[in-house]
Each structure stands twice: as C-alpha cells, then as structure tokens.
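After this come two complexes, each holding chain A, first together with chain B and then together with chain C.
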Partner chain A sequence: MKGAILKIENSIEKTIIEFLKKGLDKKLFDVVLIPVKVPAGDSYAWVLVQDKALLEDANPLPPVMLVQGAKALSSITRRGKSNKKIAAIMRPCEIRASIELSKLQQIDLENICLISIDCPGALPLKDYLEDTKKGIDTFKKVIKEWGNESVRPICQMCDKSVGLSIQSDLHIGIFGAKNNEIYLIPSSQKGKSILEEIGIPAEESMDNWEKKTKEFVETRKKNRKKIQSTLSEKVMGLDNLLETFSNCINCHNCQSVCPICYCRQCYFESEKMKLSSDDYLIRAESKGILRFLPDTLLFHLGRMTHMSLSCVGCGACEDACPMSIKVAQIFSIVGDRSQKVFNYIPGKSIEESLPLKVYEEDEFHDVEKP
Partner chain B sequence: MKDDFEPTIIGFLCRWCSYAGADLAGTSRLQYPPSMLPIRVMCSSRVDPVFIITAFLRGADAVLVAGCHPGDCHYIEGNYYTRRRFACLRKIFETLGMESDRIRLSWISASEGPRFAQVVTDYTDKIKKLGPNPAKKEIFL
Partner chain C sequence: MPMEEKIGVYVCECGPNIADKVDIDKVVETISSLPSVNVVERHKLLCSEDGKKFLKESIQKNELTRIVVAACSPKQHEVTFMRVCESAGINPYFFQLTNIREQCAWIIDDKEEATERTIRYIRAAIRRVLYHKALEKKEIEANPDVLVIGGGIAGISASLLLASGDRKVYLIEKTKVVGGKVREFAKLFPRMEPCSDIISQKIKEVENNKNIEVHTDSEVSEVLGFLGNFVAKVNTSENKAIEQPSEQAIKEKGLENKELELKVGAVVVATGFSMLDLQQLPQYGYGKYDNVYTALEFEKMNAEGKILLKNGKPPKQIAIIHCVGREKVGYCSRVCCMYSLKFANYIKSKLPSVKVSHLYTDLTVPGKTYQKFYEQTKEKDVEFIRAQDIEITESNGQLTINHKGTPNLKPLNTDMVILSSAITPSSDAHKLAEMLNISQGDNGFFVEEHPKLAPVSTSMEGIFITGCAQGPKNISDSIVQAQAVAGKILSSIIPGKKLELEVKTSEISEALCIGCQTCLEVCSYGAIYFDEIKRVCIVNEVLCRGCGNCVGSCPSGAASSKHFTTTQLHQEVVEALR
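Then we have the complex of A and B:
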C-alpha cells in the first residue's frame, strides 16, 4: 500500500484544508463539500465551498454528525451527475452510505471525488448541545486517544471507522498520526491523479499505518460483539422488543434522518397506514384493549426489513431519537446478521449488487419448506 | 386445551400457481383444515415482508407465502426474489427471537392440488402444537 505523507502544520484540520485549497487552485475539483461552522458558531452544516477564504471556517472532522453527509450529496446529484467536480470530505459511514445510495440510484458519483478520513467517532448530539465548549474540548481528547468512551455507543462499536475498509477515491489517514504526519492514500485512479497533480505522488509505504489500523479494527470488532450480545439479550423476544420500543412516540425521526431511507413516500407515512376508525375499534374489540397509536413495533420491524441490508450503522437514527431508544445499536445487530446471509457489506464496494436486486437459481433451499 | 385451538393462517398465494393449486384441491374435493385465509397476489414477489409482519403482529398464528416452483414463475424470476427476501425476513425473525416457524415459504404449482391440501394440513398441525400467537395478547403493540 502506497501513500503520500503530509506534515502537520498547526493542526490536522488545517493541514487537510490547506491540501483542499491546493486542489481548488489547480482546478482538480471546482467545489468542496465539507462541514462548515454555522454563524452561531457551535454547530456545523454541509456547505459547498468554492471560495478559499470560506474554507477557513470548515472542519473536515466536526465533533458531531448533524446531517448525514450522504443525504447532502444525494440532494446535489439525485437527478443526475453534478456539472461541477465536487470533492466531498466525509466520515467513513457517510462514504459507505453514499455508495449504497449510488447503488439505489440516488447519488451519481461521476463527478464526485469521495475523500474519507479516519474517524475517531462522533459525540452524542445531546451531550454536545448541552455544553458545546466542553464538547469541543472532549472531542480534542477523542482525536488524540482513539477508543475514548465519550463518543456515541454506535461509534464505539464501529469496526469500519479507520483504515481501508471503505471504497473512497482518497483516504486521509490520521489514525496514530505521530511524528506530525498525516497520510493520503489513493484508492482509485481519481485519487491517484489528484495527488500527482498536486505534486505529492503516492510513493511512501503505508504498511505501518495499515498494520496499526488493522489491529485497532480487531479490538473494535471484539467490542462490537460484546455490546451486541449484551443488548441482544435485552431485546430478544416479542415481550422484550415491545418493552424496548414502548417509549417510541411515533415521530419517525429515525426514518427521516436515515440516509438509506430515501423513498419519496415512506409506506409507514402513506395513506395505507392511516386506518379507519372502524378498523381500530374492531381490533380493540377483538383484543379487549388497544394502545394508541398502535403499530409502533410494526414500524420498526418494517423499517428493518426495508433497509437493514443497506444499514451502514452511522447512528443518525439514535442521535435523532427524542426518547433515547437504542435504535442504531439494535439495527446494527439485525443488520449484521441479515447482511451475513448474503455475505454483503453495505458500502464496501460499488461493484457489488444490492442483495435483493440479484439472485441465483440454486440457493437458499433451507428457507423453502417442502 | 391446545386441541381446541384452531389456528388462523394467512396465506399469500400467487395467482398463477398456488392459488390455482388451491382451486384444484377444492374442485377435487380434497379434505384439508379450514384454517387458512387465502389472499391472492399476482406474484409471490408482490408480498412485501411488511405484509407478513403486519399479519403476524395483528395476531395471525402463522403466515404462509406460496408461489410457483423456482424456474416456473409466470414473470420468469419473481419467486427467486421472493426467496431472497424471505431468507432475510427469517433471519430478522431469528435474530430478534421471534418464532420463525410461524412464517413459511412453499412452492405449490397449479397442478399440485393434493400437495396444497397436504401443506395446509401439515402446517396447521405444526401451528396447533406451537399454540396461539403470543402477539394476540400484547397490549402495547
């Protein structure tokens, strides 16, 4: 594995921004899609930046994940390729969601250069908003420590946050970035030519970084298993499931922030789900009792069947849940298991087809009952 | 007590094969338990897993999805997609500790009247042993 080395000036963020400025100068891309500080100063929004001066306020790795990056990218290219070359700097989960969305025809990657970055995780939105100053300080620690437990639980169990498990055009390695260096590793022709044009061809060996990230991923995998098995015990079975989701207030926030839930009209918000009064009364009568609004569990189970195969585990749903239900963690269990059925890893490769879009004639005979 | 229990099975039958198979079972005067409520669909791949979960959570004791044998789909490949979707749904049921025996996928062709009767009889017996769907009693669904 070959990459280029950049010396850190001031901070990691500034070094990356300087690199992006060079790309803009050389017209390697026309605009940069990057989180930029909002006027209030303590939050971030995705902004398409062409003006180099504005890049000063940008942060390639903000402490929180607000809008999922793939959603931003999808709104730009949903109706066809972008007519400007865009460099999009995103967290690995956002890159993976973008790849899933491109398979779902919601993103056109033709003029996009995906730049991923080793991600230490993001802080829970609620913790961060309570005290943003403290949050920013905590996040500084998080970047230094890798494996810090102030990040969201879904980030603590993420095994695809560092290293080359993602298919971007260019990866920025900041994991274990000692000696004041960060690494630029191209994974496609697009990424390779960008580095060459800027004058830092990928010639340095990245073996050391790769080895370290692999070790880190292994510990994360163990952590993932541990968290999942404890949680799994608590949600297994109809009674436990109902208990877990009984707090749900039916706001559907989890669905509306989910990058994979792209449908123009969700089945669960359609007229189909607005049943007649008679229907409710009949159900109440036959059961003797009925909770309102009903079908909460149906919504969550239904969403699992619709999107768990493409779930990238970004945790946007959990951040958005006003009732603090561990949606993302539960979905990660279901996602991992159902993805394994098809040996499919969402966002891993653009060439792999979505599991439900292809088939083989001779397979899955275990589910057909004679 | 379980002997008195008559299960309700929701059957999603494909219009070209399994529904015709059910018809043949009827016209051939074959005996089978009256436990299945058939719902005719144009293809087994029309059945969104959400339909199955809806039936299950609303108290159906079991859900049967039946279609043409692989290779015989009227729409050439519909049932291959059904099978994949079903494999995914089954895994979700298993992962969440829900009784995956309460959902079943079977291939029944238009000429297999006796087979249709057999499938319904066998499945009804199996569900009788399993007992009623616990979701029936859950208030907070």
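Then we have the complex of A and C:
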C-alpha cells in the first residue's frame, strides 16, 4: 500500500488544515465540510467553509461528536447532488454512515470527496461538558495514547476506527505514525488525483502503518467481544431488556440524533400509535398493568429492527441519552449479529447493496422449518 | 375507534365441518354479549343459495354497516360474501371473513379450545372491520387492439384468432416475410403432410384479413403503458405501400424508414427462437467439415430438391445426431427427436437405399401419436444407436463418428452428418425483455407468470408470451399456446367494455417517503415511479396489483396496502392476542 507523508507543523490538526487549504487553492474542491469551533464556547458544529481564513477555527478531530457528520452531509445533498465539489472530513463512523445513507438515496456522493481520519475515539459528551478545558487536555492525551479509557465505551470497542476498513476517497493516517508525520492514503481515483495535483503523489510505503493498524484492530476486536459478552448477560431476553430500558423517559433523543434513522416521521410518534383511552384500558385490563408513556420497549425494539443492519456504532444515541442507557453498546450486539447473518458490514462499500434489497433464492433454510 | 357502526356477525356451520368441532351456541352467546355487536346469527351453510339469501336479507333488515362472517378460508368464499354485501347495498370492503374452519375446526381436536379460539378470531375480525375503509371499483377505457411481435406460426395463429371487426391486430415481423422458420419446412411430423398446406393457408389468411395490419421489415423499438393502454413505436423500412394507411401512423421519419406509433391494449410476444451456435461445440466439426449440416440447413436442402453431398454426389450413409448441445444449454429442446425422425423419412422417401443412423442419448417421443411415428420410422430400416461423448473426424471426405454409450460398438463411418442442435432463445430476447420489462429465465426464454396458473401471461399485465419465445415447442403446441393467448386477450379486453382495476392497491405517503427507491427495485409490475421534483415514489394504480412487495420493503413505512393498512392489522392482532 502506498501513501504520501506530511511533516507535522504545529499540530496534527493544523497540518491537516494546511493540506485542506492547498486543496482549496488548487480548486481540487470548492468547499470543505468540517467541524468548526462555535463562538459560544468549546463546542463544535459542522460548517461548510469556502474561505480559507475561516479554516483556522476548524478542527478535523474534535474531542467530542456533536452532530453526526453523515447527518450534516445528508442535509446538504438529500434533495440532489452538490454542484460544487465538497471535501468532507469525518471520523470513520461518520463516513460509514454517509455510505449507508447514500445507499438509501439520502446522500448523493457525486462531487463529494470523503476524507476519513484515524480516530482515537470521542469523549463522552457529559464528561466533556462538565469541564471543557479539562476535556481538551484529556483529548490531547487520548490522541497520544491510543486505547485511552477516557473515550466513550462505544469508541473503546470500535474495531473500525483506524486503518483502511472503510471506503473513503482519502484516508488520513495518524495512528502509530512517527512523532512528526501523518500519512495520506488514497483509496479511490479521486483521492489519488488530489494528492498528485497537490504535488505529493502516493509513493511512500504504508506497510508499517497498515501492519500497526491491523494489530490495533485485533486488540479492539477482543475488547469488543469482552464488553459485549459482559453486557449480553445483563440485556439478553425480554425481561432483561425491559429492565434495561425501564429507565427510558421516551424522549426519543436516540432516534433524532441517529444518522441512519431515515424515516420522515417515526412510526412511534405517528398517529397510528396514538390510541383511544378505551384501547389503553383494554390493554391494562388484559395485562393487569400498563406503563405510561406506553410502548417504551417496543420503540427500542422497533429501532433495533430498523437500524441493526446499517448501524455503524457511532454512539450518537448513547451520548444523547439523558438517562445514560447503554443504547449504542446494546445496538452493537444486535448489529453485529444481524450483520453477520447477511455477511454485511455497513458502510464498508458503496457497491454492496443493502441486504434487504437483495433477493437470494437459497438462504435461511433454518428458519423455513415448521 | 370508529363508533356507531352496526355490526353483524354470521357464523357458518359449514355442515358438520365446523359445527362438530366448535360449540357454536357458546360462540353466538359470547359474541352477542359484546357491546359493539348488533346481530349474531348462525347458519348451516352460508355459501349456499339459501345462506346467501339469508345473509342479504339479514343485512338489509338490520341496516348493518359492517359485516363479519366466520366460516372457511377467504380463498374459498371471500368473493362470494363480498358479492352478497354488494347486493345488499353495503360496500364489499366493509366486510371481514375470518377462517374458523381451516384455522380452528380442522386443526384443533379439543372442542373447548377450538371454541375459545373461534371466539378470539371473531373478536379480532370485529375489531378489524371497524377500521375498514370503503374502497371503490375503478374502471378505465381499454383499447381492444393488439400488437403481435413476431410473424412466425405462433404470431400468425394468435393474430388470426384475435382480429375481428372491432379489434385490429398489428403484426410486426422483423424479416421480409411472415411465416417464420416454418416456411422452410417441407413436411410436418408426425403425419408427414406438406407444410405448405397449413402454413401457406395461414399466411394467405393473414394477408387477406383486413383487420390484421402486417408490417414486415419492422421492429418494435419501444413499448410504454399498461394493460388496455399501450403505446408502441415501430421502426419500419418495408417497401410495400400500406393499402389503407393507418390513422395511427403518426410520425414519418423519411421515405424509407418510418416510425409508426401504435396504440394497443395488449402485446403478444411471439419472437420465436434461434439455434445453438455450433461453433461453440467444435467436437461436431460443423463449419470445419463439408458434409456436416445443421438441422435447418438440411431441412432447406431437402425442401429445395435433392439431398446431395457437397461434391454433388448422392450420399450412401447419413447420420443424424440428436441432443447436440443439450448438456450445454441444460434443457431438452423437445422437438429434435421428432424432426430427426422426420428427416429419416425425407431421406428414405428420396433415397431409399441410403443407410440412416440416429445417434441419440435419450429419445423424446411423447403423446398420443409420436410413438407410432417412431415405430413406423424404425421399420424403414433406420438404425438407432445410443451414443455419448460424440466426436467427429474426417479423412479423405469420409466422416467418422467416435462415440461411447453402447459398449463394443465401433466408430461409425458416414458421408453426411445432420446435427439436431438445441433450440435457444431468440438472439434479441434480452433486448425485448428489457423493453417490455418482462423476465427471462436462466436459460434466456421468457418466463410465464406461473407455469400452471398463468402459463401465457407475464409479470406485466397485458403482455403475453407464446410459441418458442416462451420455450422450445412444436408447431401444434405453439398454435395451442397462441390460441390460449388469444383467449386471454379476448376475455380480458372486450371492445366497448371498460377494464376493472385492482382495488386493493398500494399507496405511498408523500409525507413519509424518503425517496430511497427501494420499492422501485422490488416492484414486479413496473408500477412505481420516482418523482424527481418531489423526490418521492409514486404508485401507478392502474399497474399495481397489490402484491405488497413495496410495503414489505419500504424502510420508512411510507408504502401501505389498501385494505391491509398497519392500523387494520395492528387492531386485528391486538384483539387476537388480548
């Protein structure tokens, strides 16, 4: 595998921004979609930046994930392709969600250059907001010590955060890089020609970086299994699920921040779920008890059925849960299992169809048995 | 919940079928006690004339607005009872049939349990019927004219039966003449009657029929629309002036090449077949050795007069090889054995002393007349050799057929070889499949909607397949199939009569659709299109047959099926599980 090497000047973030500025200069892309520090404080928002000067406040790798990047990209291109070339720089889980959304025609990737970056994880939103200064310091440590346990649990179990496990146009390798270097690895023609135009063709061997990232992924996989199996014991089965989600206050935050939740209106918020008092009384009578707001678990099970094949494990749901329910971790268990059934990795490749769109005559004989 | 409906529940005993297994008295008593039910009645056999009369009178007398019948499978009598509702003046979709025979009486031995479940099902049906919506029948004008693509025996046969004073047929033929491959046949098996008697007769009938407009040297380039309302474009370079210029021939592209626009109600695909390209099977030496012929080449040689070798001399020995390419294509071409026998008869009648050998792996001589034909041919001193792994070589003009299959048999020397090769789909079948949105099977032939229930229909309503376009078959079967197609069209599009559309179609909510177009991919009927401006998918109700594929695949719950809405199903299930 070949890539280009950039010498770090000031910081990793600044080096990436300088690279993006060159791209803007050479008109390789017209706009950059990137997290930018908001004026109100130490928070970040997705911003389309055309003016190079404004890139100074940008941060390609902010310590937290606020709006999931795929959601931002979807709101730009949902109604058709962008007529300007956009370079979108995102975490791998955001890229993967973007690819899933493009399969559902919710993102048009024409004229979009997806730039992914080795991700050390993001801090839990709650921890960060308690003391943002401390948070920024912690995150500096996180970038240095890969595997630091200050990041969100879902990030600690993420096995697609580094290396080339995803299909972006250009990947920025920062994991395991030598102290003063970062790597630019093209994985499409688009990415390749950007490097060539900027004058840093992908000619350097990336084998060492690749080897290191693979090793890291392996340890992550083990960690993922460990966390999942501990959690499984607590959440498997209807009774456990009922208990786990009994804390839920039906705010549906998890749904509204989820990048994949593509419905225009959630079924569980629709008129169809609003029943007459008679209906509830009948249910209460037949069960002996009925909790309000109703259908809490059904909502989560519905979302699981809907999302599990495309869930990229970005953790936005868990960050947004005011009751600290381990939504993302639970979804990762369900997601891994259902994705395995179809041998499907969400966001891995734009060429792979969504499993439910593919007709296979010969499958699932085990469920055909009476 | 919708209120103030007057509900009637009717429990059918189905003779002893239900009555013996379910305590109907208890069912009636329990259901009667429900507050929302106005009438509960039982009857010995509701589907009988007496039963239907009873049902109708009861609906009218009690001025009911919703009806539940607990009886047999909807597949059996749903339509029966819906008609009764209609005749009683109530919308037939304000009715629900619940199946207490197959799903209770016949499968539950314990009477008490069967009774309990019957009550549960009836309660669920009552609940569901309250959420039913009145659905109205829709009708559209239908053009009775028919486009027949392909002027072979199948296309001709269909055209002749379809054309009449109030129904025009446009017969489109790619080549210069109609008649197809059959034109070149001298005789027909098994009766060995001259082919011209049948074919020339039919061609003449077509040419003389004022209601058939023949376009030779013409190809269909586009077909849009649906049953009753297709618009087809035909590119034609035919020379002959059309005697009565069609009013519908709108555009003219120039003097030589014209583009016709035809409006029709149905399309018949009778595009025939091709033969397997024998270059793909070099072991038979076709194209390499002089005296190796394809079946069609031999048919032509015989029809033109003498059976001769390339050097002009008559052959002394002829070998006919069956099943050429059968393994390659993976199916039996059905007619090769029979025409191979026909060839033996050609040869024996012209050159009685020639030795004829058939090399076959399996013989296909089915039906009421073929066996006899085979036996009669055999009696004419015709040899039959079971042979496999055939390979043909040549030396000094002498052909040698090496083969396995029958032990201790030497290679066969012969002067001439006829290869009875596999029938394959017409070379432009894929083009047509794409244009018409109909499917091809693995073997490339067009696929019927159902091999038994709808053998000449396709997944596109109004587009039919016949003859070898559907699969290899003989002339009789092609004609039978062509007449079946004509029957389907004659009975579905009647001049002056409107077409009744499927009522239980799908609909897609504009507000909920995310425009992912998954439904478009799974719709078998081409009934969904994507509105680029609104960026939502829309169902064409004329084409939709209500299969529900879109509903099942819609990731955002935007597609729903009329009469099977989520609310209706939800309410039914809630009550069934209560």
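Here is the rule we go by: the second predicted complex is superposed on the first by the 368 of 370 C-alpha atoms of A that agree within 3 Å, B and C clash if a C-alpha of one lies under 4 Å from a C-alpha of the other, contacts with A are read in each partner's own complex, and residues count from 1 in each chain.
The criterion applied here is as follows: a contact is a pair of C-beta atoms (placed from the backbone, for glycine too) under 8 Å apart; a residue touches a chain by one contact, two chains touch by 3 or more.
The model shown is predicted, which means the values in this text are computed figures rather than measured ones.
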item	value
Simultaneous placement of chain C and chain B on chain A, clash or fit	clash
Chain B versus chain C as contact partner of A:His306, first or second or both or neither	both
First, second, both or neither for A:Glu351, with chain B first and chain C second	neither
More chain A residues in contact [chain B versus chain C]	B
First, second, both or neither for A:Cys263, with chain B first and chain C second	second
First, second, both or neither for A:Met236, with chain B first and chain C second	first
First, second, both or neither for A:Val334, with chain B first and chain C second	first
Contacts of A:Gln106 with chain B and chain C, given as first, second, both or neither	second
Touching partner for A:Thr296 - first (chain B), second (chain C), both, neither	first
Which superposed partner A:Asp278 touches (first chain B, second chain C, both, neither)	second
Which superposed partner A:Arg79 touches (first chain B, second chain C, both, neither)	second
Shared contact residues on chain A - chain B and chain C	267, 283, 286, 306, 356
Chain A residues touching chain C - in the complex, by the definition given at the top	78-80, 104-106, 262-265, 267, 270, 272, 276, 278-279, 282-283, 286, 306, 354, 356-357
Complex contact set, residues of chain B against chain A	48-50, 53-54, 57-59, 70-71, 77, 80-81, 83-92, 94-98, 104-107, 119, 134-141
Complex contacts: residues of chain C adjacent to chain A	1, 511-518, 521-522, 535, 553, 555-558, 566-567, 570, 574, 578
Contact set on chain A toward chain B in their complex	232, 235-242, 246, 267, 283, 286-287, 289-291, 294-298, 301-302, 304-306, 308-309, 333-334, 337-338, 340-342, 355-356, 359-361, 363-364, 367-370
